[in-house]
Amino acid sequence: MDSTLNKIDQDFPILDQEVNDEHLVYLDNAATAQRPNQVVNALTHFYQTDNANVHRGVHTLAERATADYEAARRKVQAFINAPEPEEVIFTKGCTDGLNLVASTYGEANIKAGDEIVISIMEHHSNLIPWQQLALKKHATLKYIHLTDDGELDMEEAARLITDKTKIVAVAHASNVMGTVNPVKQLAALAHQHGAVFVGDGAQSVPHMKVDVQDLDVDFYAFSGHKMMGPTGIGILYGKRELLEAMPPYQYGGEMIGFVHQFESTWAELPYKFEAGTQNIAGAVGLGAAVDYLNNIGMDRVQAHEKEIVNYLLPKLEALDGITVYGPQEPAKHTGVIAFNLENLHPHDVATALDMEGVAVRAGHHCAQPLMEYLGLTATARASFYLYNTLADADRLLEALQATKEFFNHGSRETK
Amino acid sequence: MGLEKLNSLYREVILDHSDHPHHKHALPDATHKITLKNPTCGDVINLDIQLSDDDKISDIGFTGEGCTISQSSASMMTDAVMGKSKDQALHMAKTFSDMVMGKQHPQADLDELQDAAILSNIMTFPARIKCATLAWWALQRALLKDDSTEDEEKGAI
Amino acid sequence: MDSTLNKIDQDFPILDQEVNDEHLVYLDNAATAQRPNQVVNALTHFYQTDNANVHRGVHTLAERATADYEAARRKVQAFINAPEPEEVIFTKGCTDGLNLVASTYGEANIKAGDEIVISIMEHHSNLIPWQQLALKKHATLKYIHLTDDGELDMEEAARLITDKTKIVAVAHASNVMGTVNPVKQLAALAHQHGAVFVGDGAQSVPHMKVDVQDLDVDFYAFSGHKMMGPTGIGILYGKRELLEAMPPYQYGGEMIGFVHQFESTWAELPYKFEAGTQNIAGAVGLGAAVDYLNNIGMDRVQAHEKEIVNYLLPKLEALDGITVYGPQEPAKHTGVIAFNLENLHPHDVATALDMEGVAVRAGHHCAQPLMEYLGLTATARASFYLYNTLADADRLLEALQATKEFFNHGSRETK
Amino acid sequence: MGLEKLNSLYREVILDHSDHPHHKHALPDATHKITLKNPTCGDVINLDIQLSDDDKISDIGFTGEGCTISQSSASMMTDAVMGKSKDQALHMAKTFSDMVMGKQHPQADLDELQDAAILSNIMTFPARIKCATLAWWALQRALLKDDSTEDEEKGAI
């Protein structure tokens, strides 16, 4: 185990607490990550020294706040290797970014009869915007399904993506099955047919090195809170020529050129898409999260999670009466693992694990069409991040064992 | 494991009800039918109620899928309201939903709930309150709605 | 002067700093307020003890985070006296809330030939959404103008608002002139003609008691950051029956009932309008800001600002070569004061004041149509809040005097 | 007042230029005309350039409104480029915008800017950089654009 990574939990005081008289093991990172002191301190520092509204301001605090805000943008730009800072737009989160693309690019470019291709494993945030756009425009929504191993069926993808396709939108990594999708290949397929590719990076950017130029994605959205940044901040990357051709999304302060009573012109990128006062402190905090990740190195973050999965997955699959969804090979798996225990509803499992201090999620994970496709109503899900350890994996395994015993009348009879 | 706390939620009687639910069968010709789903977890209940001419619940049955709490709650609910008048049943549903929100009630009201009263513990598990109330909401909606069937998607809680 | 209020500056460490070797006097509160320690501590506490994603979560942290988030909603509900918590929707900010109404209620209800009435003093955020909606729908946008004293011309309003009017949208308080508009009267006028009234509360909620039921507004939007809450959080209040009839604004996680491959149903209020992970910590911080304001009492906040304006405005108006815009009577003025010095561009004035440690804003204040109407390109603007003092007003007056002397070759010649 | 710092921005020469701007008049028949506005503050410049057949700036004039910095910058710019070739003028515009962003330049380049070089101080006032560059951007756009007039709204910086 990477020994430096084992020491970082001192940066996360929230992890040092008892829950139901047990030491907390937080395995709900796919829902939201925890924030290191460095990020919280960046927020506090901003509010206590530089806070002001950005741009337009002539006074010193406004200059400092603007510099902080734009520095955060450039940190993110470098982090995802975007060509230019103007292509990095601050949003409220991944959902906001995907809706932005559907409502502006989609609204302007999708006509009746056009096709939009997504996958059956999409999170609702990368599914309903396209579904509703298709309904509104009388376009056709098509789904790429899965291979038996829980991977995207790329043969089907190649059949579905045709010259009728205008948009292909797929998650880089699944928030349920831990699958990593071949986004670069999908983007190339889309481009062959003149379509744009929208990547949902919510579960990838926090966990692996992402290079938007190498992937050649046209749009790419993700959230700050899943990569240890604050809530209420996210990023939409878009290629300049596409962003420039798009109408604005929201109207208000900062996104304008000239406003007359009956017409207006818009600001240059990125401000055209940043109407009103943005989450300035949130951006600064996201910049601090990027610094934190860079300090460790995304390769090490990924290797650390891989090590946990390599250790845990075989042991988990060996449990009696468990079903693990998604790829069964650790090598193909991110730190997100969905599973069910036989005859036990995942909500009961999650409650029981919580009694053991182990925080997992249970439900449809905002992926109802995937659940329906897999013939499930819900699953439990454990998801790991850089501060988790092999000991956490052991705690999960023990707690699952105890849960099974309890509900299989073991504990109940000894009561 | 915080076994005491888990035991306090999953009492023997609850686990018995979920292992061997009462009235778990459909009543194809029931006078009142409803399907309710909890979108959060996918739990679904189909509730069939036979109301007699004098507005008494002469038979009741449920089918569906769900967690231990929702299944046992449905089983306990059917036990409790069987033979009761429509108004009594509605009053019990109100008592139940008040109870799980932590509101005080006369002991007589709680006694009327029979086994179901045991779910008052659910208060301390806020995320599970909906699991416990699904069956009682279905009862309420089934008895109050005008038409005898309801679109299941609209019936989401 | 209210002596308790004079002690609160210890809650604002940012105010205790030197800017250009002078002690900071922050008079840019209409752009954004400063945050008291109580708000920053609430953020830190949330991130270090309860942070998790809300709703759906079964584990203890998720339960605590959900309780925190919903408690914040109820605090805001009580603060503006909204009938029900479901009518209080968390947004990214005031701009987001106004765009939400224009894109959902407006989109669904405005037809060609309909009329939308706004005022000439609107901030771009309560202007361009209606302007663009009118352009898109071939509806007519009409402006209520001003009386000579910088107040809304209510006679014109009564003429403009007719049975053709579908929406009336006006700011409760101007962010340029310090005017308070008769929102209750405007809402009544709108209702007489079957129109809905949208209030922009960005400059009112932070500074006075606002009761949405008494005002009988249909929608009312404001921002957290102007009332000492975090950036990236705001509120849209809407009447239940209107919100229920509206389509959703954004699509994604949490705002759904059931999602199938080709159709979806929506969640109940308020979640229907809260797609994706919200600014959870931001909501908690806003709740802390509401507590802070309640602790002081909005009546005292308003009285404090009035006292400053009563003191400052006559002295300001007495300066040689100054023009103060908006109402000239202190009683009619909020703590927002726009002015210009003769022969001096407001940008030069703001830079000079900044050299004196006094932070004011200069520009069009996101109200270009108002500037055009007043025959101006820009103004300087000083805006006060509860931590400002009469001494701050004196510092502004002295700095203005020094600025005038400097540019009138006083200081230049003694150089 | 932090008078030294204010003096370092508003040097005597700058105030002189803004009080008595050079070439502040229109050239109705100029070969190149442009109107540029800074939407942030409403500053506007109308720039008229007379280019001779051998691409030399034989005359130049500006009108418009703005702050001390933008007015004096326009005045100093017109002084500096008068008589220069189109290419030289473009080179100077590049030098100027690099200079105010803090990039290093050979002293000869800076000397060429004449009085305008004094605006290198603007770097330390980031909010005012746009004020200083407005005139130079207008010069650049006027010389580079194809058609001789440009829609003023499009010409916003």
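Letters A, B, C and D mark the chains in the order given here, with residues in each chain numbered from 1 onward.
In this section, contacts are C-beta pairs under 8 Å (C-beta built on N, C-alpha and C of every residue); 3 or more make two chains touch, one makes a residue touch a chain.
In this text the structure is predicted, and so the values were computed from the model without any measurement.
Between B-C and C-D, flag the pair that has more C-beta pairs in contact.
By number of C-beta pairs in contact, C-D is the larger.
Quick check: how many Å separate the C-alpha centres of subunit A and subunit C?
Centres of subunit A and subunit C (C-alpha means) sit 31 Å apart.
Using CA atom averages as chain centres, what separation in Å is found between subunit B and subunit C?
Inter-chain centre distance comes to 46 Å.
Subunit C to subunit D: how many Å between their CA centres?
Using C-alpha averages as centres, the distance is 37 Å.
Could you grab the centroid distance between subunit B and subunit D? Build each centroid from C-alpha atoms only and quote it in angstrom.
78
Multi-chain contacts in subunit A: which residues touch at least two other chains?
In subunit A, residues 20, 56-59, 62, 256, 258, 347, 351, 362-363, 368 touch at least two other chains, as defined above.
Where in subunit B do residues touch two or more other chains at once?
Residues 40, 127-128 of subunit B each touch two or more of the other chains.
Are the chains arranged, by touching, as a line, ring, star, complete graph, or other?
Topology of touching chains reads as other, fitting no named class.
Who touches whom among the chains?
In this structure, the chains touch in these pairs: A-B, A-C, A-D, B-C, C-D.
Once bound in the complex, which stretches of subunit A touch subunit B?
Subunit A residues touching subunit B: 20-22, 344-348, 351-352, 355-357, 362-364, 368, 371, 376-378, 399, 402-403, 406-407, 409, 411-412, 415.
So in the complex, which bits of subunit C are touching subunit A?
Checking each residue of subunit C against subunit A gives 13-14, 17, 19-20, 24, 26, 28, 31-32, 34-35, 39-40, 43-44, 47-53, 56-62, 92-96, 98-99, 102, 120, 123-125, 127-129, 131-132, 135, 141, 143, 223, 225, 230-233, 250-254, 256, 258-264, 275-282, 347, 350-351, 353-354, 358-363, 366, 368-369, 372.
Given the complex with subunit A, which residues does subunit D contribute to the contact?
37, 39-40, 126-128, 153-154, 156
Give every residue of subunit B touching subunit A within the complex, in rising order.
Result: residues 1-3, 5-7, 9-10, 12, 15, 40-44, 65-69, 125, 127-128, 131 of subunit B touch subunit A.
Sort out for me which residues of subunit C touch subunit B in the complex.
Answer in residue numbers: 55-59, 62-63, 66-67, 256-258, 265, 267.
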